[in-house]
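The same chain A turns up in both complexes below, where it pairs with chain B and then with chain C.
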Partner chain A sequence: MNKQYKQIGDEVWKNRVEKINAELFTLTYGSVVAQLVKDYEDYQEVNKQLEKMGYNIGVRLIEDFLARASLGRCADFRETAEVISKIGFKIFLNITPTVTNWSSNNKEFSLIFEENPLAEFVELPDDGAADELWYSNILCGVLRGSLEMVQMQVEANFISDVLRGDDQTEMRVKLVKYLEEEVPAGED
Partner chain B sequence: MSDIKIQSIAIIGKQNNPLYIKNFSVFHPDLKYHYIAHTSCDVIDERVGAAGPEAADTYLGLLYAMEDLDVYGYVTNTRVKFVVVLSVTNPVKNTVMKNLFKKIHNVYINQVCNPFYNLDGKKSIVSKRFVAAIDAIGITPSDDDVSP
Partner chain C sequence: MIYSLYIINKAGGLIYQKDFAEGLNKLTSNEYLVLAGTFHGVHAITSKISPVRNATSSGLEVLEADSFKLHCYQTLTGTKFLIIAEPTHGNIDLLLRRTYDIYSDYVMKNPFYTPEMPIKSELFDLNLAKLIKQVGS
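Moving on, here comes the complex of A and B:
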């Protein structure tokens, strides 16, 4: 099953994805974060804004993803995690974060990022950013937004980041609930 | 292995403002290298003026020599200057110096790509990673070829 996902991811990345220059992408994201920091001057607020931006990206990105990868529904949350890691991240960032640390009820997992193209060359400023800013927080929003569009409500947040001096960059993803189709109020 | 000994590395911005000066020598005080970097600015401006407007990343070679110290210069396209002071026993090959400047340039480029680094600021560079990289270059210069 896993090998299949990896192959699908590799194949889509190779053939059906247009590429852009990596430095341009990194510098663009860097200037977005730097500008947010300058505008809000409060790192918690910057984290929130990055997450919101990510949410807006995610709700749109999921359509692109489903069109490129033409997959069916995932059987369970474990499959969702594999698809996110081996196909989702592969198609859009050409990385495959490792899925680990499943909780006992299979509703939470961690993504470990060995490389993070968003954070190339970045060094956090000394003024407390290292304790408060999650530089790649936009990714949490992207996951939340895209999974909401496929009827899953999740919470995603970083718990460690090499930019902050931690050993690895790790994001925790929790499934809150499956969203049922809501019957519009007028019908019975 | 070459027998050059780097005494100091200085990086000077385009308005001749010092961005970073590091003294590796145990014999001379820091201030001496500040003076040297300062006088190097004038020599560089002279040489660059003579070279004309078409200059690319320019390795300027030996700017001047004094007592037991040789001063080498390098100017980038963006008019950022690198000045390296050596104490040498034998004449140093150009290729060795060019490689050295290329390495320093790469470290500088990595620093500039940090979105939180303010390029227009008059302040010196304080990033730990930059300082560590320059230290590494200063302490063990080697003859490896460097890719950009």
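Moving on, here comes the complex of A and C:
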């Protein structure tokens, strides 16, 4: 199963995705975060805004993902996690974060990011950002938005970030519930 | 020959309707809305009446009449794409997928488009017309 996902992810990334310059992407995201910091002057608020922006991206991104990857519905949340890591992140960021730390009820998992294209060349300023700002918080919103469109309500948040001086960058994803009343007819 | 395309949102509302052939019967815009809503309801019913135990049914996929054939593709996000074509036209499934590609590009990636609302996008119309011309011959 896992090998299959990796293959699908690689194939879609190689053939069906248009590529752009990575520096341009990193700089664009960096200038968004910097501007938000200047505008809001409160790191918690910046985190919130990044997550909201990510949500808006996620609700649109899911259609692109479904159209390109032509996958059916995942059988369970474990499969969802594998698809997110090996196909989703692969297609859009060319990275495959590791899925680990499953909770006992299989409703929570962690994504460990070995590399993070958003945060290349970034150093957080000394004024308390390292305690409050989650630089890549947009990714949490993207996951929340896209999963909501396929009838899963999740909460995603970073619990550690190398930019803050931690050992690794880790995002925790928690399934709150399946949105049963919105499942398209025939999919339940 | 492809006659028309309908796009129906999650709630059953018609968000896009286009005819691609000349001389087709035209309905009023209200009639189109009723048609879409009715189809949405029928599709929901058809997915529940499958007699096969323990199998999820996809709901209505093809509707055949002597003068046309209607194909329906429902995405995992609940959006339905309906294509009405000549009964003898093959390969509509491919056309439905390509339409979904164009939708995910020119409709969803437009930051000024609100999801689930009627689609008013020139780029979408243009690329759709190109696709239909390519496939419809």
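Here is the rule we go by: the second predicted complex is superposed on the first by the 181 of 188 C-alpha atoms of A that agree within 3 Å, B and C clash if a C-alpha of one lies under 4 Å from a C-alpha of the other, contacts with A are read in each partner's own complex, and residues count from 1 in each chain.
Heads up, the rule we're going with is that a contact is a pair of C-beta atoms (placed from the backbone, for glycine too) under 8 Å apart; a residue touches a chain by one contact, two chains touch by 3 or more.
These numbers come from a predicted model, not from an experiment.
Asker: State whether chain B or chain C is in contact with more residues of chain A in the superposed arrangement.
Answerer: C
Asker: Looking at A:Leu27, would you say it contacts chain B, chain C, both, or neither? Reply first, second, both or neither.
Answerer: A:Leu27 sits against chain B, while chain C stays out of touch.
Asker: Pick one for A:Leu163: touches chain B only (first), chain C only (second), both, or neither.
Answerer: neither
Asker: Would you sort A:Val83 into first (chain B), second (chain C), both or neither based on which partner it touches?
Answerer: Neither partner.
Asker: In the overlaid three-chain picture, which partner chain does A:Val46 touch, first (chain B) or second (chain C), both, or neither?
Answerer: neither
Asker: Output check: A:Ile138 vs chain B and chain C. Expected answer is one of first, second, both, neither. What do you get?
Answerer: neither
Asker: Please indicate which partner A:Leu93 is in contact with in the superposed arrangement: first for chain B, second for chain C, both, or neither.
Answerer: In the superposition, A:Leu93 contacts neither chain B nor chain C.
Asker: State whether A:Leu118 touches chain B only (first), chain C only (second), both chains, or neither.
Answerer: In the superposition, A:Leu118 touches no partner, neither chain B nor chain C.
Asker: Touching A:Val150 in the superposition: chain B (first), chain C (second), both, neither?
Answerer: second
Asker: Could you tell me if A:Glu63 is touching chain B, chain C, both of them or neither one (first, second, both, neither)?
Answerer: After superposition on chain A, A:Glu63 lies in contact with chain C alone.
Asker: Could you tell me which stretches of chain A are touched by chain B in one complex and by chain C in the other?
Answerer: Shared contact residues on chain A (touching chain B in one complex, chain C in the other): none at all.
Asker: In the complex formed with chain B, which residues of chain A make contact?
Answerer: Touch list, chain A to chain B: 23, 26-27, 30-31, 33-34, 37, 120-126, 129.
Asker: Once bound in the complex, which stretches of chain C touch chain A?
Answerer: 10, 43-48, 56-59, 74-79, 97, 100-101, 103-105, 108-109, 111, 115
Asker: So in the complex, which bits of chain A are touching chain C?
Answerer: Result: residues 56, 59-64, 66-68, 70, 72-73, 149-150, 182, 184-188 of chain A touch chain C.
Asker: Sort out for me which residues of chain B touch chain A in the complex.
Answerer: Residues in contact with chain A: 110-111, 113-117, 126-129.
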